[in-house]
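Two complexes come next, and they have one chain in common, chain A, joined by chain B in the first and chain C in the second.
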Partner chain A sequence: MSDMAIWTEKLVKIYPDVRAVDGLNLNVPRGVVYGFLGRNGAGKSSTIRILLGLARATEGHGTVLGFPIGREQVAILERTAYVSESKTLYGNLTPRELVRFTRGFYPNWSEQAVRKYSQLLEIPMDRHFSKLSQGNRTKVCLLLALSQGADLLILDEPATGLDPVVLDEFLRILVQDVVSEGKTVFISSHQLSDVEQIADWVGLIDHGKLLLEARLDDIKSEFRFVTVAGNGLPQIQSSEVLLLASEGSFQKYLVKKDADAFAAQLSRQGATVAEVSPMSLREIFLALVRKEETCTSGNVGEIAEAVSLPLS
Partner chain B sequence: MLLHVNPASGVPTYLQIETQVKHYIAAGALTPGDALPSVRQLASDLRISTNTVARAYQDLERDGILRTIPGGRTYVAENPGSFLKAERVRRLRPYARQIAVEGTQLRLDPREIMQLVQQELDALEEEHERYGNLDRKAR
Partner chain C sequence: MYVWKCWRDSRSRFVTSVIALAALCVFLTYMEVRFGAGVTRGGPPQAVTHAWSSVTRVVLGGVASLFTLFLGLLMGVSGPGQEFKERTAEFLLVRPRPRRYWVWTGWSVGVLELSAMVLLTTATTFGTLAYLTGHVQTWRPLATAVPVALGGAVAYGLTYFMTVVARNDRQGLSYGFGILFIDLMLPAAASYYRNVNLPSVLGFMLNACKWVTGATPALPVGSLVLWTFIALALPFGAQLVLERAEV
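Take a look at the complex of A and B:
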């Protein structure tokens, strides 16, 4: 599985009060920007902590850069840069001191990168970390991550506190200096718009399960809203077709594949196809998460399965 | 070359790039032999993954619209559309069908639909002439 930057199989993490990760299968190819998207509490940070060996999985297994999780932790951490959700570092050190403290751990550390990014991100290098604003704390964490020469960057909510200009600059750095070099970036976020621009792969997680994992452009090519009108239409529900809403003689579906064929089929059965329209990631996310919630609360329909679209 | 992408739209980003490049070529803003920005450059300008730009360039190359010198830059191909007439017609047909379907659904009569298409062709021609006047040989 070493052609994957991150690979997990049936990963489970049970805390006393919650099943944080619930049978998660991740496939993150090398060299992509992967957006790991989900609501607050969906299990994103728990998953990341397991990947890095900061928490132990209750069940399941996986690899990071080809190294087994939980067994080859040093090898993984040497090659992986991690920005945590909390963005806390030693408060009584300055960014400059934090750089000196951190660089010894990483064989590929670059002082040139420190100089370049501390300027581009406008980081006050000589003020105590505890005195920095939230945005500047985030920037220091990103600086340390970018300077490690890592093959994989795992960024947990990296946009916290960043103003739009700095965020834009950070995205430019990521593309130009990290992704262009064939490195893998794994970004977790609940802000779809932060990630949608730069990601070429997305995984949508909810209640510790993956609802969808695919190339973003493939999702946009395939997923369609189909709205039809007609009386006595058959109740269609499959892993490819979700009935989202039904109102009077109107039905609205989310179709994951071959939407035109689906519309043609309904049309042959006497329905009027009002619209087949593309969906934004935001719309897909809302539809899948809401569907999942009505399902788990015991209503009609089946649980949305994570679909994988074929690579073209 | 000024490209713009809207990541929040439902249209795949690589398709947005392809459409704009084709438009620039059709309008004469890009002519055969013109160099395009490198994958890395365009990706960092647009803040999108290099993989997305590479995909758009590969599609355009496959269609004979762009040409990449191995290990080097990407150019507008010398004779884009060198495909056989039949193949070009085959590629355009789905769009023609879509115009026919949408137009009919909006209760426009055939003459009005044809008129619209003609207007778009005229607009493109006009744009082409404007670029031609900008010290460039049209076509």
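Take a look at the complex of A and C:
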């Protein structure tokens, strides 16, 4: 599994009041930008905490950069940069002092990167962290992460407080400076539009379950909504059908592959196909996370199990 | 790195404490020599010896020991336990070091500061005493620093451990104070009402200082071992707790 930057199998995390992660199977290839998408409380941060050894998995196992989670945590942390959702650092230290504190831990630390990104992101290096705005705090966290020379960047809601210009600059840095060097970026977010700009892969998580894991290009080129009319439509069992929603007299199928063939199959079985339409990531995300409200019949594919398209 | 940060966070408190403790000891030494023992510079040897003994017992064994216990308790709120309260634990614990590194590094910095504080205070006290009496003692008075620093390390470790357990500096300090108060009161009550000797850190510090002055002939080796063990067991306990802690 060392060809994967992150790999987990049946990862479970149960807190006293909630099952935060529920049988998560993640496959994050190396050298890609992976968007880990989900609503607030979907289990994204809990998953990240397990990967970084901040929390222990109740069940399941996995690796980060080939090192087993929980057993070789120091090796993982040496090669992984992390920006937390809270972005809380030492308030009494300035960014310059935070750099001084952090650099000694990482053999691949780059002072050149510190100079470059502190100028590029316009970070006030001599003001106490507690006195910085939310956006500048985020920038400092990103600066520390980018300067570590890590093989894997795990960014939990990295866009918090960033203005559009800085956000755009940051996304450009990720693509041009990080991924181009063969490093992996794992971005957890509920801001789909930001992630959609740069992600190669996406994983959609809700209620601790991975609903979908696929290449973004495949999603854009293959995933379709097939809208059909008619009553008593055939029950179709297929792993290619992710979702069935009912809207009045119309049924909408979310099909991940060969939508035209699927529509033709429905037609042969007596349905009237009204539309086969492409979908944006946002539409797929909304359709999948709202499945509980919209699913009306049982001919849905294995929605509980994550859908994973093969690497091509 | 972390040593630098621990020192940076505590240096002003360290300097203030050293000055306060040394000034207190110099003042008390002066009072004890001039008004307690009534010794003047170049006074009779018997009176000088008495002054040295009483200063060691009262100033170092009593006041400085209590002050060091109190300072140790206060200083123990530093370290990884405090990071949870300040919500910086997530940042710290994803640095590539085993968790025991944070516990022992933070603890070591605190114990070194405490030891330096006690040593400086002891040296200042006996320097003052030598100046006032015109008589210089050999190494033995400086040995007073060992039990005083060890007692301080126990108090420091107690708050340090409780702060990690409670994940909160104020709660850790409260628990530390509570436990130390019980450790002072319970042995006193047991000794008074039942004639039973229970270990007490302050009692150990006093007894060890008495040995230095020659008032107690035997070095309290058993107590020394016991309190050294406790001083080391507390950060080890903190390590065990932190290694199992989830953020």
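What we mean here is this: the second predicted complex is superposed on the first by the 285 of 312 C-alpha atoms of A that agree within 3 Å, B and C clash if a C-alpha of one lies under 4 Å from a C-alpha of the other, contacts with A are read in each partner's own complex, and residues count from 1 in each chain.
Please note the rule applied: contacts are C-beta pairs under 8 Å (C-beta built on N, C-alpha and C of every residue); 3 or more make two chains touch, one makes a residue touch a chain.
From a predicted model like this one, the values you see are computed outputs, not experimental measurements.
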item	value
Three-chain arrangement built on chain A, chain B and chain C clash or fit	fit
Touching partner for A:Lys220 - first (chain B), second (chain C), both, neither	first
Partner chain in contact with A:Met125 - chain B first, chain C second, else both or neither	neither
Partner chain in contact with A:Ser277 - chain B first, chain C second, else both or neither	first
Which superposed partner A:Arg172 touches (first chain B, second chain C, both, neither)	first
Contacts of A:Val241 with chain B and chain C, given as first, second, both or neither	neither
Partner chain in contact with A:Gly104 - chain B first, chain C second, else both or neither	second
Chain B versus chain C as contact partner of A:Gln197, first or second or both or neither	first
Chain B and chain C, minimum CA distance [Å, superposed model]	27
Intersection of the chain A residues that touch chain B with those that touch chain C	none
Touch list for chain A against partner chain B, complex	31-33, 168, 171-172, 175-176, 179-180, 193, 196-200, 216-218, 220-221, 277-283
Parts of chain C lying in touch with chain A, wherever the complex brings them together	1-2, 4-5, 8-9, 86-88, 90-91, 93-98, 246-247
Residue numbers on chain A that touch chain C, as the complex places them	49, 52-56, 73-75, 77-78, 80, 82, 84, 86, 88-93, 97, 100-102, 104-106
Residues of chain B touching chain A in the complex	7-15, 39-40, 43-44, 47-52, 55
